[in-house]
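Presented sequentially are two complexes of chain A, the first with chain B as partner and the second with chain C.
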Partner chain A sequence: MTATKTDAPVTAAGGGPPKDTGPEGAARKERLSGLVQQHGALAVLVIVSLVASFSFDSFATGDNVGNMATSSAFLAIVALGMTFVIITGGIDLSVGSLFALGGVLAAWGSRHGTPVALLLPLVVCGGIGVVNGLLVARSRLAPFIVTLAAMLGARGLMLALTDEGAETYLIGKGSFLAELGQGTTLGIGNPVWITLALFAAGAVVLRRTRFGQHVYAVGGNEDAAALMGAPVARTKILVYTLSGLLAGLAGALNAAWLASGVTILGNGMELEAISAVVIGGTLLTGGLGFVSGSLVGVLLLKVIQNIINQIGSLDSSYQQVVSGAFLAVVVVAQTWLGRRRRLL
Partner chain B sequence: MAPPAEVLAVRGLSKTFPGVRALDDVDLTLHPGEVHALIGENGAGKSTLIKLLTGVHRPDAGDIVFQGRDVSFATPLEAQKAGISTIYQEVNLIPLLSVARNLFLGREPRTRFGLLDFARMHKEAEETLRAYGVRVDVRLPLRALGVGAQQMVALARAVATEARVVIMDEPTSSLEPREVETLFSVIRRLRDDGIAVVYVSHRLDELYAVCDTVTVLRDGRRVHHGRLADLGRLSLVSTMLGRELGEVREEGLTKFTGDHHAAGTQPVLEARDLTVPHRLRGVSVTIRPGEVVGLGGLLGSGRTETAKAISGALATSSGRVVVAGVPLRGGSTPAAIRAGVSLLPEDRKSEGIVPGLSVRENIALAVLPRLSRFGLVSEARVDRVVDTFIERLRIKASSPHQKVGELSGGNQQKVLLARWLAMNPKVLLLDEPTRGIDVGAKAEVQKLVDELAEDGLAVLLISSDLEELIEGSDRVVVLKDGAVVGELAGDEVTEDTLMRTIAGHAPAGVTAAEEAGDG
Partner chain C sequence: MAEAALRTAPLDRTRVLQWLQTYGVYAGVALLLVVNIVITPYFLSAENFRTQAVQVAPVIIVAIGMTLVIGTEGIDLSVGAVMALAASVTALYLGYGLLPALLVVAVFAAAIGLANGALVALVGVQPIVATLALMVGGRGLALVLLPQLEDLRNPGLASLGSGDVLGVPYLILIAAALALLAAFVVRRTTFGRQLLAIGDSRPAAQLAGLPVRRVLIIVYVLCALLAAVAGVLATARLQASDPTSLGNLMELSAITAVVVGGTPLTGGRVNIAGTVAGAVLIQLLTATLIKHDLPPSWTQIAQAIVIVCAVYAARGRGKR
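And then the complex of A and B:
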């Protein structure tokens, strides 16, 4: 009896297979939570906007929407770069400073013509991005610390350029740069068009190129990605460079819009961008995210801000209270979704 | 069957890590279409050999000739590009990426414009995976798949990268029986395609089911190689463990002193039908006060998991644990500790001692709540407890305030033992209590275990050291692939019967464990 028992093949031995994870049910749940993750923010944006347009007469007016769109554009461009960085599992705290530096450099350079005004911020901010990337990827320093240092350094550089912020460089009316920032095409502000074009390009790069695959792979499991042949270091350097470039560009466009390089801008912008990215469904832990979500996240933040302004009786400080609470809700919801998916 | 040209030839491979000769002059030859079993106990050098072959480590001496050329891989990626793919025990893919993307990462089909061609990617992924018995929506994230299916994706990827040699490191440890069958058919197909497979597993049934040849490593050396069919199961086990058949020692080599029979008394620990998915299948163990029950079996047979399941450190999907008549709530370590179950874990460093704290603090750690009143710890009572155990366990420390990290391995183990004994347990689970400590300390710990049992403690002893297990235990419950395959008591507790039971050859006189049947 013993012999038959012990000779039985392992496959037939008692106990039976433990409860199966049910591939079909798992797949359905996965699809559902994937949809919520990707489009949850959009649903909220639609609902909030609908409620707002019924509640406030001045909300759904052309002027108000146009203003919201243009003021969203600059944050959105910064958030686009941040999306790439966060999907790799990193963070870029330097974008607020680079935004301000980019604006000052563009305004300062505008006296030498538009090409200089556009190239200067891109070269300098992109260069700082490269340094961030090198330090994170090659020296294996924590992104938080590296970009914190860059944030302080870039702001210092900007203050040095402007004599401690005492000097404001202006951008002459009628230049191509001013037109980029202030002009409209088909009734919509040029910064909005530029933003939309950048997001379309960003979506293609992220979803449809090998570089985009590597961005997800590095954030999803860095060791596995390396074993599978993804160029981990190159991917990281590229995302920080991209983030720096976009922050500089956003700053330049913003300066063009305001017709001057304003030195007090960009404080806390990195946190706003991170919030928008996370609200848009990108996991702060990396490996999952959508550029469309980040755009929606930015709009949502701006709409909430706008609504609080509309209410009027509320102090504008409450904007941040509401934005903060909203972010907390989103992160809790994401964690909950994530847990459900892993438990299945 | 095998053509003369070997695809991989390893000669005189050696590797020394600080203090350990991990691999010593090992040869290995692989022919196209050969499925080669690589076996050995813990520390035999299997992982080191694999790591040398795949470029994780560099050998100190010896040559690796791959497809007729001398190679030296600097990274796993280089090895993979050259044609040596490895499938790890843990799936090494990216859970959040879709199945198709995981399969094609780095070699995605592209359209004329350089963009990824998803239509082709999804179609090819589905076709590829169907051959591996995986029928899923390849656009789903990988993590939506079961572990077995994930393992298949990893395998498909490894093979698709034009591998000539595929190394599988315990590929079945998380597979369901059905999936194991699929894996085997895939391996047979690889063999037919002329791909050489190195198969690492502790499951003898699997080895005999799928492997042609075998290399047995022990203590870093190759102790056997040849056709697997020529080596019986029993010889395989004895070669692996380094024991001659029928070699039963008359005199004990350990410090254990005979039996401590406590027949007639009620069991203090009753574990029934413990089941943990992929790990344990209906394991039952009972221990009476004053009894030492050994858990026998090869690495990965479920010994540690059994101890962890009893102590609540591993959640069970079914089964129950009763301590002194009181059922335990599963998956709760505090409940188990309160009921009087103490586990001395296998890995002292990561799961046991706090090296920066003193001997006194380490001993008092678990018992502190009991020595305090209104949250305030009574220093005098702590001192009393600590002094008692330092003396009783003969812990050699300059003072109770010496840091545990400065003590020898044996004394660290005693400090851990003291920590749990201070809790006044009824059941003591010892997982490899003498691993990595010197001979003298080993004897002392063994003697202690004996004394504790004499004092009426119920002890569960896990040890890879056969002598220790045989000499120290009154009974031995033998595990294999997560299930009880036999129980030895009295005169049956010998190395010979133990090895036969592990190998699946039950000689006359071995009591079949009734528990194994009820599961």
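And then the complex of A and C:
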């Protein structure tokens, strides 16, 4: 059902017959495809949510929406860092492992107080991000393979810390860390507030700062950016560091929410994050993208997951089929739109 | 004298690097073999060699397909999902006999490969995203078809998994035959030449009038078929179909084997023998650490270091 809904923007964009070919029509069409590229995911999200709230009584309830928001928060934080990396034309496969590692480190560190519990994951995951960035920017290795190695290494480190995954560290009740993950402010979970704040900051950094402009420039055309005097290597190192930091933070918050450093989390999270970023309209070729789209992409994935859980008769493996099909539809639509815009 | 030494030093360094790039994998395998013969008890037994070879055979088969895809400057993340799909389809259709079941598996795998190839070659989607979609969807489909582990009782499948010829298991023979076939195709056929040309420069291949789209689609279909072969063989060895965990992270093992084996991710160059050696290297490394009671976490960290070193050593090659 959701799959048919997602077809809407594709037919609107890709199947539009080229009737008027005058300059005005061309400009209008270009604007239209730009709009679909930017807001297509949002439109689908609104439609799917509306249909779901009419179809299922339990969808639009406060509890369900609150649960969806909180469980989206952690993936959203990871996707925020991934957005920066992808806009520079790179990719970060290590975030899932760093998420798990961050959670375990936070839970392990919580015995020594909240500052340690928060700083430890940030320092370690940020450090791994720095190494990723150095290998990509200075040694000029392919981001795909560098972060793949980091993914294996970070998971190995996490397993070594937890006696091969047998040991689960707990986070004591009542600590500030537990409150950060489990508490609510104005009826909305703290992780949701933190996520919103991070996205607002991310949007400002990307749109309004010199660093943000460098991120776009590096992703658009690295050689041109270097010739213009943009610090290409520094920008790359910074985005991988940011991605590592955010993945570690998301892991720590998730551990605080679950009150323990669960070792089996984060498997396949890098792929979910990449899917969300791509669905949100950021181009994997780099140079084009925005953080709000990634937030929408994460929400869309979580809403689809929720709907499939609501249907009940479908088991969760259908969710993978739908997510995969959806991702395929989105990238095909994006490629079509991109080609059309280039041609015009 | 000192001056002369200074002048020749950089030359020697590049020569050493070059040598490492070409023969580093084989040297690594030889080193691990020697080290194991010295420090690991019972390492030289035929039983041990058979176990290691049987374990590495599916990885080799998948990695051969991955080498071809990477040779076209692509990547295929869906191989693990195709293995899982092959396992569940085998279980579903085994009732009609082994051969019909294998045919249906081939049809499913070819369909996935076709979808990958069409997205990459016709639509122009980046390989990593196109195959990511099929990876997520393919594993989901495998689980929809067969939600949980199922024991399989079929004499034909059983003999495929554990039978042997003169003491050499079928799995090893199949993997070796496929590796030889792939090496022959890449070196001696028009298709192989076209594949390398496309990997070198797709626009140039297009301008030269090569059938770029057709070759790309065939490569992705071949990769999926090889992954399906690996899936069926792994299922035959397990005597059970396990779509939940079969082929998990296989895409990473295969990519690791390819990269360690010296096939650059930038395409245009294919080294099938290196890929086989790369898979064997990782297998030996894992086995060494396990036999000396080092935990799996160490294995992963060691694997990460090997990957980075291999890519670092191969770095200069892309530039030349």
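One rule holds in what follows: the second predicted complex is superposed on the first by the 314 of 344 C-alpha atoms of A that agree within 3 Å, B and C clash if a C-alpha of one lies under 4 Å from a C-alpha of the other, contacts with A are read in each partner's own complex, and residues count from 1 in each chain.
Following the convention adopted for this analysis, a residue touches a chain if its C-beta (ideal position, glycine included) is under 8 Å from a C-beta of that chain, and two chains touch if they have at least 3 such contacts.
Please read these numbers as outputs of a predicted model, since none were measured by experiment.
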Partner chain in contact with A:Gly62 - chain B first, chain C second, else both or neither: neither
First (chain B), second (chain C), both or neither touched by A:Tyr318: second
Chain B versus chain C as contact partner of A:Val278, first or second or both or neither: second
First, second, both or neither for A:Gly187, with chain B first and chain C second: neither
Chain B/chain C common contact set on chain A: none
Chain A - residues contacting chain B, complex: 1-3, 5-7, 9-15, 17-21, 23, 26-27, 29-31, 34, 204, 207-210, 213-214, 216-217, 219-221, 223-230, 283, 287-288, 341-342, 344
Chain C-touching residues of chain A, taken from the complex the two chains share: 91, 135, 139-142, 144-146, 148-153, 155-160, 164, 271, 274-275, 278, 284-285, 315, 317-325, 327-328, 331-332, 335-336, 339
Partner chain A, residues of chain C touching it in the complex: 75, 115, 119, 123-126, 128-130, 132-144, 147, 252, 255-256, 259, 265-266, 295-301, 303-305, 307-308, 311-312, 315
Interface residues, chain B side, partner chain A - complex: 76-77, 80-81, 92-97, 101, 105-106, 108, 110, 114-116, 118, 136-137, 140-141, 143-146, 149, 157, 176-178, 180-181, 203, 205-206, 275-278, 281-282, 317, 480-481, 483, 485-486, 501, 504-506, 510, 512, 516-517, 519
